[in-house]
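For reference, the structures are reproduced in the following blocks.
Two complexes, one shared chain (chain A), two partners (chain B, chain C).
Right, the complex of A and B next:
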């Protein structure tokens, strides 16, 4: 499943569509909730911090693998980006309650596998949620 | 406490009437930061916030939050209410602060 994300007003809509599609496949409610949170954070990051990106979801028998990729501008300092409370979100996003500097940290904490690579050409975030 | 009982509290107004009203909420979580709610709120809770835009419904749905109480007189737009109905999430509004709202909820529940 590949979904293009760029719509700020509808952050969360893509997550809910995916979650609804997977609710009959993923039997563990806690896994589905963790997946939902990680997808929401990924969707928000793509909409706020990039010029638009793609969420790619692959369903395996024991896990769900997600790749969120974009075309830039990239994360200058990944270590800082993973520090709780650090955020480069613009003021408009903070006014809406985004930009608390917890998004990537939430994904890392809730996922069973996590990787983040970024250059000025784009960012690729990968995470997995175990479903068994 | 049942969600529907919130509509009996003076100053609370129910906006997105749906079948979630009969559900119970076991805890209350207060925050305006969406990622903090995503991280810390318990599923099935009542979420109190001053945010009123459509993204709050997405957060509530992802976390399986039963109801949202929007405080300080902020009002959600029609799209937000429609989305809440679609996702079966109850929305209440009040002119009161989060602190005053919680006091009334505790009082209604017999905890104060």
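Right, the complex of A and C next:
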């Protein structure tokens, strides 16, 4: 499943659609909730920090693999970006309730595998949620 | 605590009632940053009340993603038709009070609601 994300006003709607589609496939509610949170954080990051990006979801028998990729502008300092509370979100994102600087850390702590690569050409975030 | 009791305790009203009306809520979490709300991950299936002063549809989507069935809007803030529409679609009950967040939390805590179990690690 590949979904293009760029819509600020509808942040979360893509995640809800995916979560509803996977309800019949993922039987563990806690895994589904962790997946939902990680997807939501990824969707918000794409909508707030990039010029638009793609969420790619692959369903395996024991896990769900997600790749969130965009075309930039990239994360200058990944270590800083993973520090709780550090945020470069603009004021309008905070008015919507986002940008506390916890998103990437949240994905890292809730997922079973996590990787993040970024250059000025774009960012690729990958994570997996075990479903068994 | 039942939804009607919560509404009574905060002298509030129910704006959107489609959803799990008979649930018994034990825990609450209050925040205006949805990023913080997304940190509320309980391993148990405990019903949680989300108390917030943010009224855009993303609040409802955040609640739905976390399986939170009831959202209480504080500070008497107006709630748009779009937010109510999203709440109806996702079966999230929306309550409303004119109290500020601090007073709302104090009233509900005094009435028996506890803070939602959560971890920052």
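Quick notes on this one:
The rule we apply is simple: the second predicted complex is superposed on the first by the 132 of 132 C-alpha atoms of A that agree within 3 Å, B and C clash if a C-alpha of one lies under 4 Å from a C-alpha of the other, contacts with A are read in each partner's own complex, and residues count from 1 in each chain.
Definition applied: contacts are C-beta pairs under 8 Å (C-beta built on N, C-alpha and C of every residue); 3 or more make two chains touch, one makes a residue touch a chain.
Computed from a prediction, not measured in an experiment: that's the story for all the values here.
Once both complexes are superposed on chain A, the partners chain B and chain C clash. By the touch criterion defined above, A:33 lies against chain B and chain C together after alignment on the C-alpha atoms of chain A. Once the two complexes are laid over each other on the shared chain, residue contacts for A:41 go to chain B and to chain C alike. Contact with both chain B and chain C is seen for A:103 once the two complexes are overlaid on the shared chain. In the superposition on chain A, A:16 contacts both chain B and chain C.
In the superposed model, A:115 lies in contact with neither chain B nor chain C. In the superposition on the C-alpha atoms of chain A, the part of chain A touched by chain B in one complex and by chain C in the other spans residues 9-13, 15-16, 19, 33, 36-37, 39-41, 44, 96-98, 100-103, 106, 109.
Within the complex formed with chain C, the residues of chain A that make contact are 9-13, 15-16, 19, 29-30, 33-34, 36-37, 39-41, 44, 84, 94, 96-103, 106, 109-110. The part of chain B that touches chain A in the complex is made up of residues 32-36, 38-39, 43, 49, 51, 53-59, 61-64, 87. Listed in rising order, the residues of chain C touching chain A in the complex are 32-39, 41, 43, 45, 52, 54, 56-59, 61-62, 64-67, 90, 120-121.
Those residues of chain A whose C-beta lies close enough to touch chain B in the complex are 9-13, 15-16, 19, 33, 36-37, 39-41, 44, 96-98, 100-103, 105-106, 109.
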